[in-house]
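Two complexes come next, and they have one chain in common, subunit A, joined by subunit B in the first and subunit C in the second.
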Partner chain A sequence: MLLNKEKWPEFVEKLIGKNLWAPKLEGEAMRFALVAEGEEVSLEYGNTRVPPKGTAFPQTETMYRFQLGNTDMQEPKLEEERILLGVRPCDARAMAIIEKLFRWDYDDPYFLKRREMLTLVGLACNDPGLNCFCPSVGGAPDSAEGLDLLMYDLGDSFLMESVTTKGEALLAETKELLTDSDADAVKTKEKLFADAGAKIKRTVDHIGIPEGLPGLWEDPLWRRVSASCIGCATCTYLCPTCHCFDIQDEVEGFEARRCRMWDSCMFEEYTLHTSGHNTRPTRRERTRNRINHKYSYYVDKFDVIACVGCGRCINLCPVNIDIVEILRQVKEELQ
Partner chain B sequence: MDLEQLRKTAAEVVARDDVKYLIGWKKGSYGSRVAPAFVEDAASVIELIFSPSCTANLATYLTLVEKTPLPRGQETDKRKVALMAKGCDSRAVVQLLVEKGIHREDVIVIGCPCPGMIDQSLLAGKYGDTEERSEVRWNGKDFTLVRGGDEIEIPRNDVLAEKCRLCRHPNPVISDYLIGEAVKEWDPAEDSGVGELEAKDVDGRGDYWEGQFSRCVRCYSCRNVCPLCYCQDCILDRLNPTWINRAVNFSENTAFNISRAFHLAGRCIECGECERVCPANIPLGKINRKMAREVREKYGFEPGLDPDAEPFQASFKPDDPEDFIL
Partner chain C sequence: MTADNPYIPYFATIEDSWFETGGDRCIKTFKVVFDDPAVRDSWNHKPGQCAMIGVLGEGESMISISCSPTEGKFLRFSVMKMGKVTQALHKLEAGDKMTVRGPYGNSFPVDDWQGKKILTIGGGIGQAPLRPIVEFVKSNREKYAGLTMIYGARSAGDLCFKGEFDQMSKRDDLSCHLTIDIEEEGWDHNVGFVPQMLLDLNPSPENTIAVTCGPPIMIRFVLENLKKLGFSDEQVYTTLENRMKCGIGKCGRCNAGCMYVCKDGPVFSYSVLKDIPEAFA
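And then the complex of A and B:
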């Protein structure tokens, strides 16, 4: 279906009552936020600064509340259904990738319930960022994986293609704003997104890396690439596929809650044992873990690389630690 | 900057038996980015650079060294570390000396007089960015961006980092080697970049910071990059008791940011790293510069200038002002 851009405000208006979230400028950075009544939604952005993974996997999630000295637990109600508008294909793929983990040895109720209540409306990338490398890791600027509906910006209109029944339902609800697409539109789309793919200059050759990484365990390369790491969580917190969490109790007076929150393998206390022993005592081991987890362990377990090539960790690393460059060096060592 | 002199000096320094490595800058992986370089041998000095992209303060690496338990019979590497330092970076070194975070004999300062650094996000925003490597140079008054064979003149104030606009000490305040000539100091703006905020009333300021701190993702990049945030046992990492909860919300985020600001009062040397690295673009420099200015104006104290000074928060003078105490 086609949505003429003149109808865009009406289209957004129709969705606003349904708990609509879209990229919004907060300070100088784009982030997904609730769209209030009568607000304009702009899709003029590359990647949001913080990925939308938090909508299914919040940075802080209350599992239950309790009072000290009392065994009753109150579970909070999960939020209602929501629509995310303008999700980039890489971020949607990431949701599909981490879902494998949350369905692994048991079904994680928190992630899965939230995920089920989400409708992801994607926006294919006409103009990928300079550190994007999604095609190298199985994605594409117009990948539909993980999305319910994908919009392609054709200039004057959006071509809307539903991917799931949720997407179909959304198209049905807004059908009076839409017109049938034609062969021309599809042709334009194909040309535009082939061009978009060609704009991506950064590449990772991952052939052999998942199997090869364990053999590089003590390689001097890890010291080299981690020497400048300051040990912050920018790369992991802003990564759409990083999914590590910690569970902590928070007590205030007699009121307490158990919550789980994002954790980062780049933090010192991440693998700190009660004994005081730390299995990853320095940033060398921690950096090695970040790369191994994404490009080896996850592949081994779930048959997919846990990196979607969104480029955030490269763009935002305070000291220019560049995963594409690390993987190039890994590849070099393997040859 | 005389790169030849820099590399010659660096080669001499790293060739010494009592030097572990030299921390400097090298070209980064894309665009005009630079990356920290750890140079261990004379052959590698060729990668060292000093350009308007060297905004980062490398002094943080002096205290970021991880001290892991050693097998019996082994000793820690006690060799010196050499550090390339601009004016602001050298102030961090001095403040670390004042606090005895490092010892003078453990560090060799390669002083780099600094004509002012660029803000990469301003540069990318105004002049675009490329995957292909480019280079920014000083051209006397302004900057030149060398990209794909083109030379683009960039007016200094277009891309100058805020910390540099407000800088009062562009020349290293301490150094063992000085590369090139001292630069002429410039007039910093009067209000430390906080005038607009100070003009707001208490509620207005509260709203402003609520908006800012609510966005914090608690990645702790500001803490980790800060050369003066080097407590071995940081309250943020404490689990028992949890002084500050890991939960991310306005209340905990504020507790974190305010604690850090107070811990830096009279210690912050205004290198602007916290603000540069924040992925949520929280203007942390405003808090720290405001604190620094209060200390400067009320107590006449400026940290990181005199290695023999007493730490501000550990010194008391009978005539210290106290009119703000209720």
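And then the complex of A and C:
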């Protein structure tokens, strides 16, 4: 279906009542936030600084509430449906990738329930960023994986293709704003997104890396690539596939909650034993773990690289550590 | 551990508790019984498995279950007073409640070991995960070809489960060897380090499974000495621990190489472990 851009404000207006979230500038950072009544939604952005993973896996969330000295535990009610508009294909793929972990033998009720409540409306990338490398890791600027509906910006209109029944339902609800697509539109789309793919200059040749990485355990490259790391964990907090968390109890008087919050393998405390022993005592071991986890361990467990090539960890690292460059060095050592 | 939420713990009431050792880092054992009779009946753990135990408002810690299911419908945990959660646990007495979820992880393959001689080599609090094997084999003694236990600690006061050894040394169907690092008055067992005692006892590797747990430095030398004695990697098992939060393979931190200690472990055969780069980090 086609949505003429003149109808775009009406389209957004129709969705606003349905708990609509879209990229918004907050301070200087673009992140997904609730769209209020009468607000304009602009899709003139590359990648949001903060990935939308928080809509299924919040930065901090209550697991259950309780009162000290009492055995009653109240779980939060997760019943709020939510539409995410303008999700980039890499971020939607990331949701599908981490879902594998959250389903591994034990279903994680918080992630899965929140994920089920989401409708992801994607926006294919006409202009991938400088450090994007999604095609190298199984994605594409117009990948539909993990999305319910994918929009392609054709200039004057959006081509809307449903991926799931949720996406179909959304098209049905807005059908008076849509027109049928035609062969020309499809042709334009194919041309635009072949061009978009060609704009991506950064590449990772991952062949042999998952099997080979553990063999480079003591390689000097780990000291080299972690030398400038300051352990800020930006690379992992802003990574759409990083899913590690800490669990903490918060107590105020007798009221308490057990909550979980994003954690990072780049922090010293992450693996610190109470005895003072640390299995990953320096940034060398922690960087090595981050790369191994994404490009080897996750492949071993779930058959997919836990990196979608969004480029955030490269763009936002304060000391210019570059995962593509690390992987190039890995590949070089393996040859 | 409700059907829908594996993070919700059960409650268990402490039936009995006692100190195994003294000092700043004392070890206290808790014998607990689930409050819910349905949980009590359906709970089924194997030697080597762990549970997340805790105190609401303080947190949870992964602790090995230090009893065998053959001992009865209760659980035992031996906890060293170390950090926030274990200090909170140490304040609990008989009648108090703790939270429990699990059982987690794989287990010692005691069924596959039937017909073999079992040799456990423990040091300090490392005896806690080995105790269920000893108890399990004791209760099914006719199914195993032998049972030898080597256990050591820094001093007599640092040995856990002391009360159980007198009775064990009276049995003629198992042998129990105790050692402490430094000579002390009134001690009539061996003096010396565990790895050396293993060499001195010179057990035959034939049809034997060796299981070890203790401080990393002890494990390292025990593994070396088992090799010297002719044990193959497949005959040697150990159990690992790492910092954990969820216990169910989600929170990410307990991995040693590609293995999640909470799910793929904690029990590993040395033939697997020797290829995991971080296993002895």
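In this section, the second predicted complex is superposed on the first by the 334 of 335 C-alpha atoms of A that agree within 3 Å, B and C clash if a C-alpha of one lies under 4 Å from a C-alpha of the other, contacts with A are read in each partner's own complex, and residues count from 1 in each chain.
Please note the rule applied: a residue touches a chain if its C-beta (ideal position, glycine included) is under 8 Å from a C-beta of that chain, and two chains touch if they have at least 3 such contacts.
Small disclaimer: the values here were computed from a predicted structure and weren't measured.
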Simultaneous placement of subunit C and subunit B on subunit A, clash or fit: fit
Which superposed partner A:D108 touches (first subunit B, second subunit C, both, neither): second
Touching partner for A:D246 - first (subunit B), second (subunit C), both, neither: both
Which of subunit B and subunit C A:R283 touches, first, second, both or neither: first
Touched partner set for A:E325, first subunit B, second subunit C, both or neither: first
Partner chain(s) touched by A:T271 [first = subunit B, second = subunit C, both, neither]: second
Touching partner for A:G208 - first (subunit B), second (subunit C), both, neither: neither
Geometry of the superposed three-chain model: angle at subunit A (Cα centres of subunit B and subunit C, steps of 10 degrees): 90
Where subunit B and subunit C come nearest after superposition, their Cα distance in Å: 6
Doubly contacted subunit A residues - partners subunit C and subunit B: 246, 248
Residue ranges of subunit B in contact with subunit A within the complex: 28-31, 33-36, 38, 56, 60-61, 64, 66, 68, 121, 129-132, 211-212, 215, 217-221, 223-225, 237, 239, 242, 245-249, 273, 276-277, 279-282
Touch list for subunit A against partner subunit C, complex: 63-64, 66, 68, 71, 73, 75, 101-102, 104-109, 214, 217, 243-249, 251, 256, 258, 260, 263, 265, 270-275, 277, 279-280, 285, 289, 292-293, 296-297, 300-301
Contact footprint of subunit B on subunit A as seen in their complex: 26-29, 31, 49-50, 59-60, 130-131, 201-202, 227-228, 230-234, 237-238, 246, 248, 250, 259, 261-262, 264, 267-269, 281-283, 314, 316, 318-322, 324-325
Sites on subunit C touched by subunit A in the complex: 4-8, 11, 35, 56-60, 82-83, 86, 97, 216, 242-243, 245-246, 248-253, 255-258, 263, 277-278, 281
